[in-house]
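Below you'll find a set of structures to go through.
Two complexes come next, and they have one chain in common, chain A, joined by chain B in the first and chain C in the second.
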Partner chain A sequence: MPASNTYESISSVTLSNNSTTVTFGSIPQTYTDLVLVIVAKITSGGLDMFVKINSDSGSNYSYTQLYGTGTSALSARASSQSIGIAGAVYASNDGVVINQFMNYSNTTTNKTWLTRINVAAATVSLITNLWRSTAAISSLELSSGNPAGTFTSGSTFSLYGIKAA
Partner chain B sequence: MPNTFIKIATVTVGSSGAANIDFTNIPQTFTDLKLVFSTRIITGSQANIWYKFNNSTSSLSWRGLYGTGSAAGSNNGTTVGLLAGVTTAANDTASVFASGEIYIPNYTSSNNKSSAVDNVGENNATASTVYLVANLWSNTAAINQITLYSDYNFAQYSEATLYGITKA
Partner chain C sequence: MITNFSTSSVRTGIKRKRFWDQSAVANSFFSIATTTVGSGGASDITFSNIPQTYTHLQIRAIFSTSVSERSVRIQFNSDTATNYSYHYLEGYNTTVSSSAASTIAYGLIGVTPASTTYPGSCVADILDYRDTNKFKTVRSIAGGDPNALGSYAWFASSNWRSTSAITSIKLYPSSGNFNQYTQFALYGVLA
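This part shows the complex of A and B:
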């Protein structure tokens, strides 16, 4: 059987200027899962990073979070939110965030994704997210608490697609 | 569409064991790296497994989140190495190896290097460990070497594979 590519780069963004949002639109529906890798900073402070799926601002998002502060393990949860969680981002702390959207193109089930936040100076976290919609995911809009959380130039956002056999 | 996830190298520990699992001369042609490992050490009980870039154990920090089966906790550190979690050991269930993966984005960039670890040290006993770790090497050099190590030598059949990922 000839080898076929199962992990492909869909799109990547490296900011050349500060920006309040980053959007991946017209996401191909030809994969089974998506992986979004983010290495970003903001202009001040530290904030949650948010994701709006298919431009939906309805109260359709919920999440459960397990996180470590460096001395304690804690958990938090929220439901009926108007936007989803896609990580955390800081002005002065380096980190990497990895989101995995499972079975994103099906039109039968609500969508879930996992978020791994890795900021060595601040937090390590695993979040399970839910978007209560059966629509296929076709766009992801990332923000960081606009306007306080403007992404800085040089931040990178990389979207990959994974194909099932 | 080009292949974006390519195996660079695999290291398998032989019958004599090994103090390190080492990847050198890492190509600078990808954007991200993923290191997947399966390890066991020849002495003692579950122990930390560490990694370092470019043979450097300075300017590093990590923050961990773990569960043991009966408790959850968080810890942090700045010495020894970047934390890859735990590895199983001689006193653990026979033939059980710890598993883990390390994701390293933008490894050739001129920024500090963050990396993420997911790890399990499963063991057929009362206690075992699952670990998530955020690591930072505050160094702007491109990564050309990755070394895994622990308190004791790695046992035969310990293995690690390094993959390169290219973004659009």
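This part shows the complex of A and C:
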């Protein structure tokens, strides 16, 4: 058995005020994967949660989303987007979102991540995402809608790192 | 965040094992082995001599295949008999579908997109892998988006009808080879 745990907390944010964005900057490059766990609401309505990686606003993002509305199972996709999807947030109840950013620190492969969304009052969903860049991920900027909505006070954003052998 | 919790049996009152929700972290998640495919590609990846000291296993992977849009199969303990079954639900472009198979020679943990450049990925949990009282179950979320048609959001359950402890895992594409930079990492989880 390896001597040490390989799943470690990097940073955690609990909003003390409503906020339109949450940013994890200067992400250490010492892990293999990132796991971003979000428990959040917004002030009104329901919106996709977006992520901008390394401040990249180019048309380098795409996604495919499998989701259930309560009455139907649907799939949607989009190419060449200027921002990525990192979940969904609603005002009706806190949603739980887990993002798995795979091999974020390598510089040989394009980056992919899996997003699992559970919002009891609104949807369940699985999203596969692509960022067409081989750059290591060093920052993640999350926003609650486009145009930006507002994350409510008390929403939590926890970033973990997993280190492979 | 709920990291883990215990349950009690209504019938017996006996305290049960803790569940795990993929986000338990405190001194419970350990790297066992990692394989990265080299420039020649690889027909399969095998983890052998898996330690029998954890409660669950997790496979975390990115992969692409020489033939695109392939499933990623899994076998345990070199068992190639028809002792496996699976169900999956997928979003393929804008179409939702589901499929299942039983009495087949492999389980499924992922799928690659319509690209040999843009990788697919998966997170697969193998629960109670060394419990000799139950058949083994795998759950997986996976997918791949090539910035074009031929994209998948996919999740599955597979079953291996054996009570043997899992000591080795073979992973291979439904056809073709894994491409360079494909990486499979195996972790052990303590409950």
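Note that in this section the second predicted complex is superposed on the first by the 160 of 165 C-alpha atoms of A that agree within 3 Å, B and C clash if a C-alpha of one lies under 4 Å from a C-alpha of the other, contacts with A are read in each partner's own complex, and residues count from 1 in each chain.
What we mean here is this: a residue touches a chain if its C-beta (ideal position, glycine included) is under 8 Å from a C-beta of that chain, and two chains touch if they have at least 3 such contacts.
Everything numeric in this text was worked out from a predicted model, so none of it was measured.
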- Item | Partners on chain A (chain B, chain C) - clash or fit | clash
- Task: Look at A:Thr6 in the shared chain and tell me whether it touches chain B only, chain C only, both, or neither; answer first, second, both or neither.
- Result: both
- Considering only the touch criterion stated at the top, classify A:Arg116 as touching first (chain B), second (chain C), both, or neither. both
- Query: Does chain B (first) or chain C (second) touch A:Thr108, or do both, or does neither?
  - Reply: second
- Message: Between chain B and chain C, whom does A:Thr128 touch in the aligned arrangement: first, second, both, or neither?
- Response: second
- Message: After the superposition on A, what does A:Leu66 contact: first (chain B), second (chain C), both or neither?
- Response: both
- Query: Can A:Ser158 be said to touch chain B (first), chain C (second), both, or neither?
  - Reply: both
- Query: Which partner, once the models are overlaid, touches more of chain A's residues, chain C or chain B?
  - Reply: C
- Task: Select, from 42-50, 60-68 or 96-104, the region of chain C that bumps into chain B once both structures are placed on the shared chain.
- Result: 96-104
- Message: With the touch criterion stated at the top, can you tell me which chain A residues are shared between the chain B interface and the chain C interface?
- Response: 5-9, 37, 39, 66-67, 73, 98, 116, 126, 156, 158, 160
- Can you name the residues of chain A that touch chain B in the complex? 5-12, 37, 39, 66-73, 94-96, 98, 116-126, 154, 156, 158, 160
- Task: Please name which positions on chain A make contact with chain C in the complex.
- Result: 1-2, 5-9, 32-33, 35, 37, 39, 62-67, 73-77, 79-80, 98, 100, 102-103, 106, 108-110, 112-114, 116, 126-130, 132, 156, 158, 160, 162-165
- Note on the structure: So, in the complex, the side of chain B touching chain A is made of residues 1-5, 31-32, 61-67, 72-76, 103, 105-106, 111-118, 132-136, 138, 165-168
- Over in the complex, which chain C residues touch chain A? Could you list them? 1, 22-23, 25-34, 51, 53, 60-62, 89-96, 117-123, 141-148, 151-155, 181, 183, 185, 187-188
